[in-house]
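Both complexes shown next keep chain A, but they swap its partner, so chain B is in the first and chain C is in the second.
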Partner chain A sequence: MEQTRLRRFSFLFQIGGVVLAFVFISLILILVGANPLETFRLIWEGAVGSSSRITNVIIVWIPLLLVTSGLLVTFSAGLWNIGIEGQITLGAIVTTGVIRMFQDTAVPPALVIILSIIGGMVGGMVWAALAGLLKTYGGVNEIFGGLGLNFIATALNIGLIFGAWSRAGIASMSGTDPFPEAYWLPTFGSINLSWPSILLAIIGLVIVFFLLQNTHFGLRLKAVGMGLRSAYRLGIPTKKYMMLSFMVCGLYAGLTGALQVVAVYHRLIPSISSGYGYLGLMIAMLINFKAIWIAPIALFFAALNIGGIQLPIVQKLDSSLTGVLQGSLVLFILLMQGVKQRVLGKGGGN
Partner chain B sequence: MNIQLKHINKHFGDVHANANISLNIQDSQIFGILGENGAGKSTLMKILSGFIQPDLGEIFLDGDKVAIETPADAIKFGIGMLHQDPLDFPPMQVIDNFILGRSEGLVITYPEKIKAFHELQKEFEFSLDPYTYIDTLTVGERQQLEILRLLWLGAQVLILDEPTTGISAQQKDKLFAALKVLAESGKTIIFVSHKLEDVENLCHKVAILRKGSLVGEVDSPYDTDQLVEMMFGKQITLTQPKPFTQEKVNFALQDMVVEKYPLEIGPVNIELFAGEVVGLAGMEGSGQNVLLRACAGLLRPISGRVVVNDKDMTRKTYLEFLENGVSYLPASRLEEGLVPGLTLAEHFMVTSNEKSLFIDKSQFRKQAENKIDEYNIIGRPETPVKSLSGGNQQRAALSLLKENLLVVLLEHPTRGLDIESAIYMWDKLKERCLLGTSIFFISADLDEILRYSDRILVFFSGKVSPPLDTSQTSLEKLGQLIGGKGWDQTFE
Partner chain C sequence: MSGEMILLGLAGVIEAGAPIVLAAIGETLTERAGVINLSLNGLIILSAMMGFSVALQTDSILLGFLAGMAVGAVVSAIVAFASITLKQSQVAVGFILAITCEDLAYFLGNPIMGEQAPIMYATPIPFLREIPVLGTLFFQQSLMTYLSILLIFIAWFWIYKTHPGLMLRGIGEKPAAAFVRGANVTRLRYFYTILGGALVGLAGPLYTLSVKAGWKGTITGLNGIGWIVLAITIFGGWNPFRVAFGAYLFAFLQWLGLVLQSTLTFIPSQVLQVAPFPLMILALLFVNLGNTEWMERLIATLPDKVRTRVIKIIRALRSQPPGALGTPFERE
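Up next, the complex of A and B:
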């Protein structure tokens, strides 16, 4: 009884947070002279108005699914893997490197693609392991270490695009030379959406769900996250588990970067991570680190991203408005969680 | 300030932690609240100090009804609470902790504050150095600091939750003297404890709680048997120590020296026989806990060797000690003992050696149920350990220890436990001794050391005595030794 009442109560607070976020955005829209209802309708239209728009939403959904899944693993261990952006970038760089290495050889393209994706995953994992080593053995907070590694990854990426891997004659912000089509991931017929990406994203999500829900590994990670010293005292090799959580998350980030290269852009571009890592951090916070909510909320965020694209043309609004909406959603829902705790009392034992 | 509590009720899930409790507490006296663990003492005090809200009930201060919603509210009304585990900031200096919580001006004028600090501590004959860091202080000293801080914030009412656990006898005397001074100056003192002796020596009046309800109130002088009966509803007898056999050496320290600024501890030489219990006696902060941590591989010795079962384990990590049958139970249960957010059943999952990938949840649920029965834990497999009472947390920690351990290292195993839980704890430990486990334990309670140890190591500011046979010593002698007296005569 008590339990179900509590649950219903907390659901109301979640809804309250969503409502507040929309009210807040509406106020901003009114301030800049736009009609909020019309704007929301346009975003909806922009996301589901045509089959190509829906396709685009799914293309954004895939990396969000993957990064958020990976981030839940580090969050479980109590770690803030801010370095995920750099891990995505490294995944993309290694993937591009592998394809460039083999694209003029006789190695079958399918094999090259598989190798490049595996390479990308390893690249992301290594980059994450660096943040992990800095944290566990160097005593560097993972937020600072990750941030530093993000800058290095970006610099490396730009350096390659304008240096070693630059286009013949002109180095360009539009990235490296596109790969021949044989090195693209297959799509659903003429629709520009690759089915192996969707498959990998869903498998990745399911793995994380079971990992955190039903395995000894997942539970030990949670123990590390909830009480580091106690976990060690109870016999859990905490450093090892922290390293492993970084590496698993790095695999996911690397896979994300790899898929952005082989399935979406077919080349390396400067902003290859597209900020999906940070967006994933926001989604993870929004869903209170519950894997079951990744898919719907990531889909919602992807829809916002795509739905906002046409706002500048139709409404003379900047498309970053949807970013404001995403950010305020997270803030208001977190705020309502705080309010809920105050209202329901702090509890606590004897 | 006079405090009136009327019909206070608080539920935690199914547990009725406070059932319709009404009390009148007068100023200028020390009011005791007595009860075993889980009786609802802490809950009641947390309600009075604004940490939690009652489901029902009213609080009156000097006749005015008040709503105390936060600890800050409580301080505003003049109510300050000293917690069982001091709530200070270990990386900070004493003086900074002292100043914290009082908001005045932008810039801190240290000389003025330090003067105020010294003047205040002189009243109670405390001698804290304002410039030391909290993490080098003992629990007793941290408590003294907290009292000073609360008084400086203008507290008229001081609530002390189990203040005598984990502090030395000397510090206890100082504390009691300070509390008496405070009561004489018109303050209201609420003293929460399960220790009959402390309550009897100190309190003018005592209220006894049992299972969330108020059993009754008694004025000093007290009849001990009556108090015990009110607390437990039955009489309890104590067990006798059992002899061990000197056959197998489980654990040995050879010329071991450990260091923790400013103490150098050792050299220590001892062989721990199978089934033997060795108590580490000494004032708080004399180096016992440092040595114990080194015995578990949580701290590296400067020199000397640790031998487990004839295997040199010096400089090995705690996890390797654990694998070799050495387990350590720390005093801070929720910081180092158990993972607060996990349930009882999840603790068994986490500590199992299960190599399989997936968790067989029903198996661990069953294991948890069995242990809950065996160890008398009041809770269910799905209860998060943070909502267990202190005694139950300790039993849970004990139930998590692996079978067939060579050595169990215990830091204040019965700190904060009532008599019944403490006896239970030792019964369980003695069962292990009969199976060949050796025990190394620290206690601030000399009675406990004398009652359960076969041999004793005495600590005095880093100096460690040779092993002393319990039969060759007495409470008086041990009391002198931990105070640094009579070492030459006893150990030549």
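Up next, the complex of A and C:
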């Protein structure tokens, strides 16, 4: 009885956070002279108004599913993998590199695609391992090591697009030459949505769900995340587990970057990570690091992203509004969680 | 390149370093009190937009800077409230604000993109400007640049030479002990978080009204500065002079990137522009190496004479955070 009442009470606080976020956004919209209800309706319509828009939502959903799944592994170990943006970028770079290496040879395209995706995953993993090494053996906080590696990945990406891999004629922000169609991931007939991507994203999510829920590895990882010293006393090699969690997350990030290249853009572009890594961090916080919520909340965030695209045309509002909406949702829910803990006393209604 | 050109370039480094100095000193004060304000990247962009917008509408540069400070104070107050009063993770709330404030700046700043706001020009100081070399470097700058240099000394004096500064170090190092000695830890942490944030909020308008005049939305070129400021605070070991050195070093590297573009043509210019960012963060590795276990073990194996010398060098380089940085204070 007491338990269910607490849980219901705790749910009210979360709803309160959502309401506050929408009130906040409405106030901002009124401030700039827009009608909030009309704007929300437009975002909704922009996301589900036509079949091609729904397809676009799913195209964004895939990378968000993958990065958030990967991030739950590092979060379990108590690590802030802000370097995930660079890990996505490295995945995309290696994938592009592998395809460029083989695209004029006799190697069958299907094999090249598989090799390139594996290459991308390894690329992301190596980049994550660097952040892990900086953290465990260099004493550099993973947030700053990760940021540094993000900057390096960006420099490398732009350097390649404007340098070694630049388009015949002039290099430009539009990216490298697109690959021949044989090197694109297959889609559902005429719908521009690749089924292997969806499959890989779902497999990835399921693996993380069971890894964290039901395995020895997941439990030990959580022990590391709870507090280094106690885990160390229990005989868990904490550094090794931190490195492993970075590398698993890097695999996911690398896969994300690889899929953006072979399934979405079919080339390397300067902003290949699209900020999905940071968005994944936000989603992970919003769902309080519970894997079961990744799919629905990532879908919601993807819908917001797509729904906001037409705002500049229809309402002359900048589409960064959806970012503000996503951010304030996470912020207000976090604040309400704090309020709840204060009201109910420590540990109340977790 | 002639000597005079180099001198003017270095004066430019002092100017370009000014917003970074202001922000890094602000963050140093906040972190000295034991609070990490991770929101800086978004905070600087939002204050840059707001400062520009207010200056545009009121035609007053002063009001622009005040608006920037107000933005910095409000955003930092949220960080303080969430972490000190609600006991939520400082990193989490800071990161959320870093991302959200950035988007908010682009959203609210959309209508004023490319407008012409007043620009703050240099105010040379009579007589002092005539001094060879030093005059060009330091005394032909804008008022905010003078303020940034002054602030380095004030912050150092405040932290190390005054009684409130002792309290400040106390609440960041051993809050329980400071509390016993009569420091109101909660109130002081609020105060320094908001004060530090207000100083960081000066950096934004300093860019859009002077150093990189104009607001151009996502291509204003301020993305990343906040993260660098956080890295410089660590690099500087929470000591205002070392922090300022880090800020000028970063500005110098950026200038060097521009200068080298014409000679190192085999490197795409886009790479040279972003190179200072990773370089600055890799510098953290050097100041942190002394804190690692394997380094200590390695040093222990060295012969005595070499060891004492190596330890001295590492001690000088090392940067050690305030003991209670990032942890909430609970009265027992």
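Convention: the second predicted complex is superposed on the first by the 346 of 350 C-alpha atoms of A that agree within 3 Å, B and C clash if a C-alpha of one lies under 4 Å from a C-alpha of the other, contacts with A are read in each partner's own complex, and residues count from 1 in each chain.
Basically, contacts are C-beta pairs under 8 Å (C-beta built on N, C-alpha and C of every residue); 3 or more make two chains touch, one makes a residue touch a chain.
Source: prediction; values computed, not measured.
**Student:** Following the overlay on chain A, give me a clash-or-fit verdict for chain B and chain C.
**Tutor:** Here chain B and chain C cannot both sit on chain A without a clash.
**Student:** Touch test for A:G145: chain B only (first), chain C only (second), both, or neither?
**Tutor:** second
**Student:** Is A:F217 in contact with chain B, with chain C, with both, or with neither (first, second, both, neither)?
**Tutor:** In the superposed model, A:F217 contacts chain B only, not chain C.
**Student:** Thinking of the overlay built on chain A, is A:S52 touched by chain B (first), by chain C (second), by both, or by neither?
**Tutor:** In the superposition, A:S52 touches no partner, neither chain B nor chain C.
**Student:** Could you say whether A:S174 touches chain B, chain C, both of them, or neither, answering first, second, both or neither?
**Tutor:** A:S174 contacts neither chain B nor chain C.
**Student:** See if chain A has more residues touched by chain B or by chain C, and give me that chain.
**Tutor:** Touching more of chain A: C.
**Student:** Look at A:V324 in the shared chain and tell me whether it touches chain B only, chain C only, both, or neither; answer first, second, both or neither.
**Tutor:** It touches chain C, and chain B stays clear.
**Student:** Applying the touch criterion given at the start, work out whether A:A231 contacts chain B, chain C, both or neither, answering first, second, both or neither.
**Tutor:** Touch status of A:A231: first partner only.
**Student:** Would you mind checking which of 41-49, 59-67 or 95-103 on chain B runs into chain C after superposing?
**Tutor:** Among 41-49, 59-67 or 95-103, only one stretch of chain B overlaps chain C, namely 95-103.
**Student:** Indicate the residue numbers of chain A shared between its chain B interface and its chain C interface, in ascending order.
**Tutor:** none
**Student:** Residue numbers of chain C touching chain A in their complex, please.
**Tutor:** 38, 78, 81-82, 85-88, 91-93, 95-97, 99-100, 102-104, 106-108, 110-111, 217, 224, 227, 230-231, 234, 267-268, 270-271, 274-275, 277-278, 280-282, 284-285, 288-289, 291-292, 294
**Student:** Show which residues of chain A lie in contact with chain B when the two form their complex.
**Tutor:** Those in contact with chain B are residues 2, 210, 214-217, 219-220, 222-223, 226-227, 229-237, 345-350.
**Student:** Which residues of chain A touch chain C in their complex?
**Tutor:** Its residues touching chain C are 28, 32, 80, 82, 134, 137-141, 143-145, 147-149, 151-152, 154-155, 158-159, 162-163, 171, 278, 281-282, 285, 317-318, 320-321, 323-324, 326-328, 330-331, 334-335, 337-339, 341-342.
**Student:** Could you pull out which chain B residues touch chain A in their complex?
**Tutor:** Interface residues on the chain B side: 12-13, 17, 37-38, 40-43, 46, 51-53, 318-319, 322, 328, 330, 334-342, 346-347, 349-352, 354, 356-359, 361, 386-390, 400.
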